[in-house]
Amino acid sequence: MTEAARPPIAPVCDVQPTRPVSVGDLVAAVEAMAARRLRFVTATCLDMGGRFDIYYHFADGVKLDNLLVTIPREAELPSITAVYLGAFLVENEMKELFGINVVDIAIDYKGRLFMTELDQPHPMAKVQSGATPAGQGE
Amino acid sequence: MGLLEPLLKISPLTLAAVLVFSPALFGVVVFAVRTKWSRKGVVTVAGWVLTLAAITVFAIAFVSRTALSATLPAKAAPWSMIVAGGDLALLAAILVIAVRFRSAMVFGVALVQLAVVLYAELTGGHAAEAAPSVFIDWLSVVMVMIVSVIGSIIAVYGLPYMKEHERHLGIDEAGSHRPGFFLTMLVFLGAMNGLVISDDLRWVFFFWEVTTLCSFLLIRHDGTDLANTNALRALWMNTLGGVGFAVAIVLFGAHAHTYSVQALLRSPMGAAASLPILAALACLMFAAFTKSAQMPFHSWLLGAMVAPTPVSALLHSSTMVKAGVYLLMRFAPAFHGTQLSNVLAIAGGFTFVATAFLAIGQTNAKKILAYSTISNLGLIIACTGLNRPLALAAAVMLLIFHALSKGLLFMACGVVEHGIHSRDIEDMQGLVNRMPLTTLIMVIGILSMLLPPFGVLIAKLAAIEASVHLPLAMGMLVIGSTLTVAFWTKWTGRLLASEPGAVHPKIEHLHVMYFVPLVLLTVGAVAFSLAVFPLLTELVEPAVTQYYALVPGAAGGVDLSTDVLAVPWLLVFGVMATAVLAPVLVARTRPDEEVGAYMCGEQIETPNGSGFITVAEQSCSLSIRGHYFERYVGEDRHTLWMSLVAASLIAGMFGSVAVR
Amino acid sequence: MGLIDIARSKSPWILHFDAGACNGCDIEILACLTPVYDVERFGIINIGNPKHADVLLVTGTVNKRSARVLRNLYDQMPDPKAVVAIGACALSGGVFHECYNVLGGVDSVLPVDVYVPGCAPKPEAIIEGVVMALGKMQEREHARKRGAA
Amino acid sequence: MMLSSVIRNLFSKPATRPFAPAARTAPQGYRGAVEFEEEVCIYCGACATRCPANAICVDRVAKSLEFDPFKCVQCGACAEACKKGCVQLQIDYQHPVAVRHTVAFHGPPKPTVAP
Amino acid sequence: MMAEYLTALAAVLAAPFLGGILMGLDRVVSARLQSRQGPPLVQPFYDILKLFAKRRMAANTFQMISVSVYLASMVLSLALLVMGQDLLVLLFILALGNIMLILGGFSVKSPYSQLGSQREVIVLLAYEPLLVCMVVGTYILTGSFSAASVFGLERPLALSMPAFVITQTLVMAMKLHKSPFDVSASHHAHQELVRGIYTEFSGPQMAVIELAHLYELVLLLGFIVLFWHTNLVVGIVLALACHAAVIVLDNVSARMTTRWMFGFTWSVGLALAAANLAALYATGPLPR
Amino acid sequence: MAQRTVIPFGPQHPVLPEPIQLKLTLKDEIVEEALPHIGYVHRGVEKAAERMDYTQNVFLVERICGICSFIHALCYCQGLERLMGLEVPRRAAYLRVIWSELHRLQSHHLWLGLYADAFGFESLFMEFWRSREMLMDIFEKTAGSRVIISACCIGGVRRDISDQHLQETLETLKTLEAAFDKSSEVMLNDYTVKKRTVGKGVLQADKAIMLGAAGPVLRASGVEQDARQTGFAAYDELRVEPVVETAGDCYARAKVRIREVRQSLDLVRRAIAGLPDTDIAVRPKGRPNGRTISRVEQPRGELLYFLAANGSQKLERLRVRTPTFANVAPLVHMLPGSELADVPVIVLSIDPCISCTER
């Protein structure tokens, strides 16, 4: 999908393949990336209503290599910080802003990375999940 | 003056008997009549008796302005047998202890000492009759005052302390070890008095060994494994020192043919002394080093802190360790002008610096105090090594002020320990909020070790001034004094670190037998400090001048007067007092607003003090630990090499005998 | 009286807090300290410690976390003191009005004496703002004195 | 190294620019304070739609325009959008003020013409 | 005697003004070294006055005592110096003030003030031996610790104790909290400890501290003047030169760590001192 | 003895221009653990970008940060252009490079100054910031603002730079370079500076990759990666060799940035010399659909925008991954073991930009 949307004209030479993996295979796939000495760039989360699309971006010099995990809204997402410690911020961010249940983060901010207790939970989520059922978010 | 006339009529021997034996007698009463009330009463009375006797001695000396001396008739009793018997009995006791605790070290050392003592007895042991003779000059008076007054105060303080102590250990009145404890304490005081007023070295040696034994008993009082180990260490080290002492006696007997200290001092000494005499002096120094816990023998005093606090207070401030430096001060004129004296100064200076350095890394309050004691004793020894009137005056003043301040600090520490159940100075953080009165006393005690106008500092000033002629020693004094600042300041800082909001805390309740001794010593420390200059010019200076009259070429009084005394101290004290009092007294002292400490904008008050909000919006209470620089000043890193250096300095002392 | 007024107006020590700015305004404040603008010629020092500060410069949008800090800092400044809000963000939230973690301008948390608009305001504007704030601070102080008398 | 720099500084003129009254003016094209020319405005609202800061509020019906200088980030989008050249960014910066205020103006009431 | 007291009084009264101007000069020169215009010369006075006029905000009463003793010790030290009194005593009184300030810093449970105090202790440890060694140097020359006896020398101290001019300058840099020695506090707050030991002193208390700094500055410069007592003009020029050196040093070096500072003063500083002392022992007139 | 000092370092702290808190656990003054506490400047830009329209977003994203603002706009515009299928005129591409590199210059000067300040070298701070003012003047002249220059727009750039201004820029850069020669010399060779930076905060190449470091932090550890190698804007013609150092300590990071300043000076000159004469913008058209990634090199490292559009007026998702966000983990790794005095130096050595990190 990303491939299709990529316009041919822009003079950008980075190749951006995206490989879908299942949640169960995620950590293994990430370990494979680590074995190739790829640098973890970040993860991107998209709230697609009923599910989350989560991209993991890795870089090898000019090339990017991406993994795409799709999980249902309430599912658990394993942390990859055991492999790439650097992912702790972005995983905490996903947890807080989208309400994704990321488990076993090396440095866990318990959903309080950016905001204080009083703020609206999971502001980036299209549907408020967890403690606040849909519709009560705003 | 007239009022004091009758005092002069009191025989020195009577006084001596009171000073030496009355404590022991009272001790026996305490031991025999085992009730709470009798104990309280008798110990207090013993304290009063001792104090009065000491004051009498002081008054007599003050009025008569000469040393008191007297000798019992030689024929009255088989004195030599008595003293020899005493020595042997003590050694036997030590050997029994060694067997009982299976300490090869103690056993070996005691055997060696036995050999030397026997040798002394069998050979020239009878160079002179050992009739008890008393010699009380200003140095003795000072020591008697310290032992009797401060010692008594500590003993009284020990009453409530030991009660609480045993309550903690779960020991009831019936099984109480207190009778034995106070017996030992009182005997200890008597022995110390005996040590400082005897003129005959054999008697000095006897009392010397009594203190060794008493200190062993006191250190192992709690009977734990640690207490036993540490007590045994103290025992063998001090017995080893005793060997040195005994050898010195042998040498003196063989080569000077007298055991009278005064006679010895009048015989050709200093540069004129013969080699064996110098060797004997070096042996005495060795003995003093062990008793005064100088490096490398400092470990026994550090270990002694397992004992209940009154014991520490006693050992550190008024007894035991003071015996060593007393001996050196007593003999200072004898080695004046020798190389030995210089090495002594360096050796003392080294312990002064080294232990001040090690103290920086300690968090245990008693250990800091112990290091500080060792350090100060080193300083006193350095002063005797510098061996000039000014230096000796400094030594005397240090003796007095250190005893006051250290007694005070140990006792305060004991109170704090019972209050907060910790000796860690980190746990004393903000003590000013919890125990303001004790803290105030403690702070005064610490500052009295550190700041002008308190006596310790003035003494240090004199010491530095006296040391300019021995640059190496001077360097040590300067650096040591500087290092001292580090741990005292840090400790005081911990005490004062207070939380806002608790600015006017409630004053804690202190047991009257805590309160009175603490206040007495505090007042003493402050009063003596304020009177430091009269004390110096009126008492110490004449005494020291007199002292060095014996030594040809060491004339000249205390030259401190020229510079330090010229300072308008009245102005200084006045301005300082105003500076301290002004903010307190002037009406507008209270701040308009009391706010919390700055914590980068995230401060909050938590149930256990100030804190801040941090990671994951959690609150975290602020914790600040002092700097101890373990990486740099850690004991385990430095003790070994320092001990080696110190040991070689002692070896150097013996070596210097050869080169004069 | 007079002397102290002069001293106050000649020695404003500032404390700067970024309550959620983009950095633009903060850098312009820092630029004020540098040789080209050199605010020390007006006696201004960036003291960095609320307990010594006279003027609090706030930049950026305020969120709950920074609001807490802002309040704390303000409370730790001894009177007389003044607050200057710098930049569109600190004035109203600026371009971030759509953001979920923005409470609004600084005046939703603290009483603001002077507003310095712009994105980012020029250093000149910031200096002008501080001077203005001093005037207001003096006025308030005088009023307080009169009230007390 | 640093020594030579600081010594040179000591003996040369300071880099400090004089402040008021001789303050220097910004170069041409500087995006300073936003100003409206009330007369030319046709209340079309183009500026308001483009404004990223919601600083401008145009009521096309009531023919009124309200501008909040506290919200304005001086991006210049309004000036680009306005075909009438009604809104312009001045060279002079916007001066600090002590009280909140807005700029508001409105056009002549719409002539009531029946549609 | 009376005259002595009057001179001391005069010095004590004049010192803040002199110190203020010198401090102002310090700031102007610093600014100029950084190519800035800098504050007015009388800026320190504005600052102190303003601080005095701020509301008193304190964490506890001990802070107030500590600053007042700090000021008193500075004033006293200056008076003693002017009166030609014992220098060793003077140093201890000076240290007393510093220790009280440190205790004041310790008395607040604030991270920065505590850490600042801890570091200030080390700063004190770093410079104190240098000061004492200098005084010992004068003793070797004159046979007395009194400043007055230095006045009696015929040869300027600087000639017999050149290394101590350097150590004294270092001490000045340390005491004035200048780079590279501004580890426990600095005059501007761009440092890891905010304002270090001063963090928790505010308003009038801070004013007292600043006032004490003025005395301290005069005192430190007075020490240097002592090095060329034979000609006061030369002495003052020397003092100003040392001050200038400190300012320049401040501007051409980074702040170093406490550990480095301690190591530096105890190695280089003490070596300088020891070398000079050794030379004095070798050549100087050992009295009595 | 188990007790440790636990103190807050920040949010309001004079060495930190921006609020971030490090919870430091110290023994004496040695850091044993450092945990970042952030969120003081979190605004929620990513969400706001879904609510504002495409063009307004340009102004929004460039206000993510006032230091690297132009390049944020560039990255965003570039992503959108790719989704819209626009080709940017060459002159615009070159102008984008010029402004980008000027931004890098100003950002590095700013950093060098703050860095000097972190170890208490005030006069060096002043030197760098004095030079930086020259760059600010260039921005003021060429783009109409000092900080947020708003020069980029979808399809190109908003303003052209006149030949006269280009000339003046070249002149200014000459003066700048002369000043820079002197100041950077101090930064690299001064005894006190080296004492404070050499061997501090070491990050091995291996760790740098595994922790995901970016930009100069990554390159100072010997990893040769620079997003400009991907050839965006006009970098396909103006080739860039990554600046690499191997020591991985604070000193190396400073050295990388100093060498990058020279590289940028060179790039600006080459870009001005090769500036083609075309239009400066094309009109954006259409409603984009699809997902793409746009990567550019910021002064602090690689910036990555992930754009998802669904053919409507507004973006479906805008993800901004800034270089500092990536450098936080390396920082957490570097601090333990250092002295408290080195904390500011090490923190500054990653050139933290909190407003970028938190968006």
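A, B, C, D, E and F label the chains in the order they appear, each numbered from 1.
Just so it is clear, contacts are C-beta pairs under 8 Å (C-beta built on N, C-alpha and C of every residue); 3 or more make two chains touch, one makes a residue touch a chain.
Worth saying up front: this structure is predicted, and the values here are computed from it rather than measured.
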_Shared chain contacts [chain C and chain D, defined touch]_ = E, F
*Report back the single chain whose CA centre is most distant from the CA centre of chain A.*
B
*What is the chain whose Cα centroid lies farthest from the Cα centroid of chain D?*
B
*Specify the chain pair with the maximum number of C-beta contact pairs.*
B-E
*Roughly how far is chain C from chain E, going centre to centre by Cα mean, in whole Å?*
34
*Between chain B and chain F, tell me the centre distance in angstrom, where each centre is the average of that chain's C-alpha atoms.*
65
_Can you compute the centre-to-centre distance for chain B and chain D, using the mean CA position of each chain? Integer Å is fine._
81
*asked:* Can you work out the whole-Å distance between the CA centroids of chain A and chain C?
replied: 39
_Among all residues of chain A, which ones touch two or more of the remaining chains?_
112-116, 123
*Got the chain D residues that touch at least 2 other chains?*
2, 6, 14-16, 26, 52-53, 73-75
*chain E: which residues touch two or more other chains?*
31, 33-38, 55-57, 111, 115, 188-190, 194, 199-200, 251-253
*When you check every pair of chains, which ones turn out to touch?*
A-B, A-C, A-F, B-C, B-E, B-F, C-D, C-E, C-F, D-E, D-F, E-F
_Contacting residues of chain B [partner chain F, same complex]_ = 363, 426, 599-602, 612-616, 620, 622-625, 627-631
_Show me the residue ranges of chain A that touch chain C in the complex, using the header's touch definition._
114-116, 118-120, 123
*asked:* Per the contact definition, I'd like the list of chain B residues that touch chain A in the complex.
replied: 615-617
_Taking the touch rule as given, give the residues of chain F at its contact with chain D in the complex, in rising order._
52, 55-57, 59-60, 63, 123-124, 127, 130, 133, 140-141, 144-145, 148, 150, 158-159, 182-183, 185-186, 189-190
*Residue ranges of chain A in contact with chain B within the complex*: 108-110, 112-113, 116-117
